[in-house]
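Sharing a structure with you now.
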Amino acid sequence: MLQEVIFAGFGGQGVLTIAKNVAYSAMLEGKETCWMPTYGPEMRGGTCGCTVSVSDKMISSPILAKYDVGVILNLPSMDKYEPKIKSGGLIIWESTTITDGPKRGDVKSIPIPAYDIAVELGSTLVMGMVLLGAFIQKTESITIDSVLEALRKTLPARRHNLIPLNETALRKGYEYASKI
Amino acid sequence: MLQEVIFAGFGGQGVLTIAKNVAYSAMLEGKETCWMPTYGPEMRGGTCGCTVSVSDKMISSPILAKYDVGVILNLPSMDKYEPKIKSGGLIIWESTTITDGPKRGDVKSIPIPAYDIAVELGSTLVMGMVLLGAFIQKTESITIDSVLEALRKTLPARRHNLIPLNETALRKGYEYASKI
Amino acid sequence: MSKVIERDGVQYEVIWEKPKGLKEKQMHYCPGCAHSTLEKLIMEVIGEKGLTENTIGVSPVGCSVFAYDYMDIDMQQAAHGRAAAVATGISRVFPDKLVFTIQGDGDLAAIGTAETIHACNRGENIVIFFVNNAIYGMTGGQMAPTTLEGQITSSSPHGRDVKLAGHPIKISELVAQLPGTCFVTRVAVNTPQNVKKTKAAIEKAFNNALDKKGTSLVELVGNCPSGWKMTPVNSYIWWEKNMIPMYPLGVIKDVDNN
Amino acid sequence: MSKVIERDGVQYEVIWEKPKGLKEKQMHYCPGCAHSTLEKLIMEVIGEKGLTENTIGVSPVGCSVFAYDYMDIDMQQAAHGRAAAVATGISRVFPDKLVFTIQGDGDLAAIGTAETIHACNRGENIVIFFVNNAIYGMTGGQMAPTTLEGQITSSSPHGRDVKLAGHPIKISELVAQLPGTCFVTRVAVNTPQNVKKTKAAIEKAFNNALDKKGTSLVELVGNCPSGWKMTPVNSYIWWEKNMIPMYPLGVIKDVDNN
Amino acid sequence: MGEIHLMKGNEALAEASIRAGLDAYFGYPITPQSEILEYFSRELPKKGIAFVQAESEVASINMVYGAAGCGKRVMTSTSSPGFSLMMEGVSYIACAELPCVLVNVQRGGPGLGTIQPSQGDYFQAVKGGGHGDYHMIVLAPNSVQEMADMPSIGFELAEKYRIPVLILADGALGQMMEKVEFKEYPKKNIEQNWATVGKPEKRDANVITSLFIESEVMEQVNIKLQKKYEQITEEVEDCELYHADDAEVFIVAYGISSRLAKKAVDLSREKGVRAGLIRPKILWPFPTKVIQKYATQAKGFISLEMSAGQMIEDVKLSLDGSVKSKHYGRMGGMIPAPEDILKEIESML
Amino acid sequence: MGEIHLMKGNEALAEASIRAGLDAYFGYPITPQSEILEYFSRELPKKGIAFVQAESEVASINMVYGAAGCGKRVMTSTSSPGFSLMMEGVSYIACAELPCVLVNVQRGGPGLGTIQPSQGDYFQAVKGGGHGDYHMIVLAPNSVQEMADMPSIGFELAEKYRIPVLILADGALGQMMEKVEFKEYPKKNIEQNWATVGKPEKRDANVITSLFIESEVMEQVNIKLQKKYEQITEEVEDCELYHADDAEVFIVAYGISSRLAKKAVDLSREKGVRAGLIRPKILWPFPTKVIQKYATQAKGFISLEMSAGQMIEDVKLSLDGSVKSKHYGRMGGMIPAPEDILKEIESML
Amino acid sequence: MLKGFIEVDIERCKGCELCIGACPPKIACLSMSKQTNKKGYHFMEQTQNSCIGCGNCALMCPDSVITVYRLKK
Amino acid sequence: MLKGFIEVDIERCKGCELCIGACPPKIACLSMSKQTNKKGYHFMEQTQNSCIGCGNCALMCPDSVITVYRLKK
């Protein structure tokens, strides 16, 4: 099993953090994993992407040309990464702010109104978590439990009060996705 | 024929110029020649040496470990270069200021009181020319005429008035050496 | 002079439009970044003075590295810190051209210190635009020589400790001491008034170069919303409150007024 | 305190003798060169203050490159222009040691400009001896950034043309502007009085470093008989007549007197 | 087994260096290695370890010279253009025989190039980008774990042989996160009586220099250096072998591209093609003997590099015409695809 | 035949460069090449040609970048440590494809080393001392006459291929005087429509850059450069052959050591040993085909270099195991003696 | 009759909001759209006709997004 | 009884003559030898016994050639 995922959105949308949660969770589950951001000045103002590979074996390449799954948080990222999803792959996307979903017929489109859901939960900051919940539901490459474990390990103690909210967001996303 | 000569003395004694005269004269005579100074900070205050090779064929090395002839203008140069003269070689040296001549038995020693002769001629600046005269007498690698020709070509016009004095110095040195 | 259009039967003057000298490509600068404003103003002046054919620009390594993608003039991209040396090379073979550089504080005041000081000391007939945003914007917000005391950056996470890293360096004051500089001034683009002053400073600097007066250095006290980790609007507040007091605006040297 | 000997039954004090801290090897410097005097004085002070075990010196590339052959202390030889950076490296791992550099004007004011300015700006706790002889001595007398206007050197054979090569640069005045420097002074060794003043400046600079006050820069306005193509005695005349007026002696900055 | 962390290669390298007893770090920001500097800027001042963000790479390497000359464990890190600026300093350090660890997180060149990963600085690293005859020991990690392992190995080798050690990584290794475990690293245990620490009365002054103005002396210095390099060539070697035993086509690859090579070996094995991998973990000295050993069984060698073909020369020099060999690679930050490598493998049969 | 002069190699190179249409020189003093700078400082200002004594070698090479980017004939010169400082700039120039002539009058390294002649910078010159995959065309004079001939050749090649050309000399060639004759050198005749000269309305802006942030683009730039290098490798070659026709032992030597090689060939011929010399006048591209041609008749090759053995790798790569080869040389400014070379020749039989 | 008006090239707008603060307080005819442009930025829009064509917004706009017109006298 | 005297390490002397100018004009007890030392330099020699042990010559001597003694009070 090797799953190659791209997370992409604006710089401020926490893309790197969600991706890191995935990698960390996979590591906790004893899997091989590799997290690789797009880096450099092109990040600036534009899109910010991060690849996570999860596998049973050593990850051969951290830099990929094609992905199994895309988790897309804004329109420019959709434009950039839609063509790079493998045929038969999956695009999970934020559907409140992105008006146009994927145009390709050979990938599965999972629109999640994560922004709205997050607003409902009282904080747009957890938008990414909502999408992550959907990602887990669709791919099963990690579990919600290990994400929660990852949060406990990576968040500084003074931030642990945020974990319940994150958990709710995760579960909301999971739930929403299970209906698609 | 290949003749490899070292000229050595204080920085101010015009060693490089005498050596250049030899090279230039050789060039005028259609010979191959190569002029190579010791260079770098060790010149400073210390000895200044210059190698001239004269040959019918292309000179293979400008930098030499051993010399056929040494023209030595001060004591430190004697100390440094005496051991580097080939067995059977020649040391022409300024005998007014250098008190100890070469100690080796296997080289020919030609002491020339060039300083005194130059003082007699009215200018210590031509000391080198006196030694050059001796050099020509002993080695015949170039002629006095071509040195004079060289001076005419290399000295700026406003200095041409010095040529007669130089010629006298050359001839004095030549004369003196012919008696040794 | 100014362009006029008609709308609803009434005549309107064009008060401001995108300078012709800017290429179509959108600038990559972050929202609200002073780099954009500076390049806009430079191209306005070049356009107004008809200098396109007479100008060669030098972009540095720093956020303005891509200036050549925006400014529609012949340009060279210089190695990090070496823009003043590159400009020297250009200016010496084209003494009649207008040669300018745009450089950040890392580029000009850190790695390029020697090239800056010596170009100024030789009085190279060039114009140096020095965008001092107190940070290394391009590489992700590290401390620059001009970073303020206590300022938190990605390489001074505990705040700039002047005991270990020294005080912010004032380049304009230093180069003003060199006889080679003819004009050294500090400007900002944080208000419309200051934008106008900046444009005037650009004009003056270009005139100096056309008149072969020596080196002009225009320090733009700038902002870096991304590096400072602020919204553009907040960066403008911080800019006024912290940057300008440390780097006071105004002419530091002008040989015409001596 | 001072050593006493007897001669003809009378006691004599030793007023001056070769400092113990100088190695036996004779200096390679040209006759009359100020480099020798400076190194002699530094070793006098180190000897008198008992600092041998506490000191690490840095020699540059320039005529004083061989300082380690003469000064009997632990020393490092730095790449051309980088002595201040090397000293920074040493001082940062040995904050309690006395670390000094000796650097020429080519080394410090040309290729090493950035390292000099930034060591001073960071206020590295080091002492910089800057031997300004207005020429590149070691490489055969080329023009330095400090070469005087009109001065003939082997790379300004028509005399320094300030229009093309800029004016002589005054490094001490520049670094005095930086908050990191605690003491900047200009001395000479052209008279016995000035030799004494130079020694006092060395002492003061060393004290500053021992007290961790920041960077001290002692500019020795020097001579270079060989590069200037003069006898030592004539070089002293030229030194007084041309060098010192351009580079006036005296304290430029002293934080103790502020 | 200690705690496992998920870290960027750059950060793992920095953390491991601290644990390995780092005494000083000097550096200048440049993508894609700035996290090393940033990590140190956060951790070193707290621990009282020397940290300076220098004014340039030229200054950094000379600060390293100074601190290394004091016998301390010193490091700098940079990326390709910055490393080019260090060439003079590196040559000085090599001649003055100062132990230190340098890090080049390569990006695509030449020139300002791109900030994406590359392996275009191999020649500079192993042949001597600076002037004169010198070498560095060059370590080539291929995972975040090895980014953490190598500083300690580097310091040990540097001190043993009084030589600069270069960790030659690339943007991918620097930027990616993987799991990493830190070990107990050995403390410095070599007496450095050559270092400048202040001269006590009883010993002669220590001098750190690379200047030997007399040719006769300089030649002796050169000979001494060359002897040392020969000794290191005898003693130092580290290769990972993968399916080498029965392989008939070998890929030689280091760093990030060795991982793609492994994948390509797997793919070829699936197809029944006996491919194998020789991965030098140390690039200088080059594992010539290992290559020669497997040359006897091989039909061909492929040097897989993210460059126009540099290590291929060392492969060819090792093979000395005995087996055919070729280079394959991508440039400018492009990553070779295992499928394409597979094609190259097949073409060797 | 024109007038014959007796000149230092450094001065001859400078004078010839002026006659070859030099537009600008930027340099910094360093022994043993300062005479080049000094000559220009005397002659260029009189002629209105740009001359700047820069604040450093780093500044020089970047001034060269700027002026070369304007399409002018530009030169800098330095010696080994100074050339190391230019590595970043050279890599930029190579990537931005700017024609220019660089001069390295080598001295003994590594480090500050000695100012005496050496050939220790071969790798730096031909493999790329700077970062990334690039090349310079490298010319290797072996006499004062060739010091004078090569600037013009260099500019022609530089402009034809838009590539930096390095004249790799050494302290002996720079300092010695021999006779020299200046020729009529061709004027620049290649249109340089890429240069920054001020943008007229009718054309797009010209941009000199080496930055290509996208990997896809950077790879294309790299491929373009490599194609150019291949083309040059096809088209450019210059070797002097001496007694090659019937030789069974070959010395390969360049620059000053090739003269000693000639002497050694003479000595061996006197003793009836059929030695020959292959002297690359152009080191990059390396004359692989010439070596291969003579390999068929040879018993062995000796690479004679004043270094620890660098060019020997290119000799070996050319021979690819077909004939045995070895390096012989001296270091640190020492000059190999023809008698010693003779012994090496005999050992190959 | 408008005293002045502006044109906004919304696709080039980066939503920095600097124009808004530059518009004279009495006029305050600019605000940010709820919508985003293709780049994903909320862009500026003119919400009232009070513009006097003073040009401040354009002077401040880093991205040369705004063209300003003023009634010709 | 001498007020002072000096010792000159003539082999280290480089003949720069700076000591000579430094000796107080009234005293002027130093001059250059006609002879040269092994390095070839004319070296300094004390030619009178007027020395007062002021130390000036030694202060000026770049090469630490001179040791100065002064009558102990």
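Letters A, B, C, D, E, F, G and H mark the chains in the order given here, with residues in each chain numbered from 1 onward.
Just so we're on the same page, a residue touches a chain if its C-beta (ideal position, glycine included) is under 8 Å from a C-beta of that chain, and two chains touch if they have at least 3 such contacts.
Please read all numbers here as calculations on a predicted model, not as lab measurements.
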Max contacts between which two chains?
E-F
Which of these, D-F, D-E or C-E, makes the same contacts as C-F in over half of the contact pairs?
D-E
Per the C-alpha means, the centres of chain G and chain H lie apart by a whole-Å value of 85
Express in whole angstrom the distance between the two chain centres, defined as the mean CA positions of chain E and chain H.
59
Once you find the CA centre of chain D and the CA centre of chain E, what distance in Å lies between them?
39
Among the residues of chain D, which ones contact at least 2 other chains?
29-31, 65, 77, 79, 110-111, 113-114, 117-118, 122, 138, 145, 164-165
Listed in rising order, chain F residues that touch 2 or more other chains are 31, 52, 55-56, 58, 81, 88, 92, 96, 112, 115-116, 209-211, 213
Within chain H, the set of residues that touch 2 or more other chains is 14
Which of the residues in chain E come into contact with chain C in the complex?
28-31, 34, 37-38, 41-42, 45-46, 51-53, 55-58, 81, 112
Parts of chain H lying in touch with chain D, wherever the complex brings them together
1-2, 4-5, 9, 12, 14-18, 21-22, 41, 53-56, 58-60, 62-72
Complex contact set, residues of chain D against chain C
110-114, 117-118, 121-123, 145, 162-167, 169-170, 173-174, 177-180
Would you tell me which residues of chain E are touching chain A in their complex?
4, 6, 31-32, 115-117, 143, 171-172, 175-179, 256, 259-260, 262-263, 335, 337-338
Would you pull the chain D residues touching chain F in the complex into a rising list?
61, 65, 77, 79-81, 106, 110-111, 113, 136, 138-140, 142-143, 145, 154-158, 161, 164-165
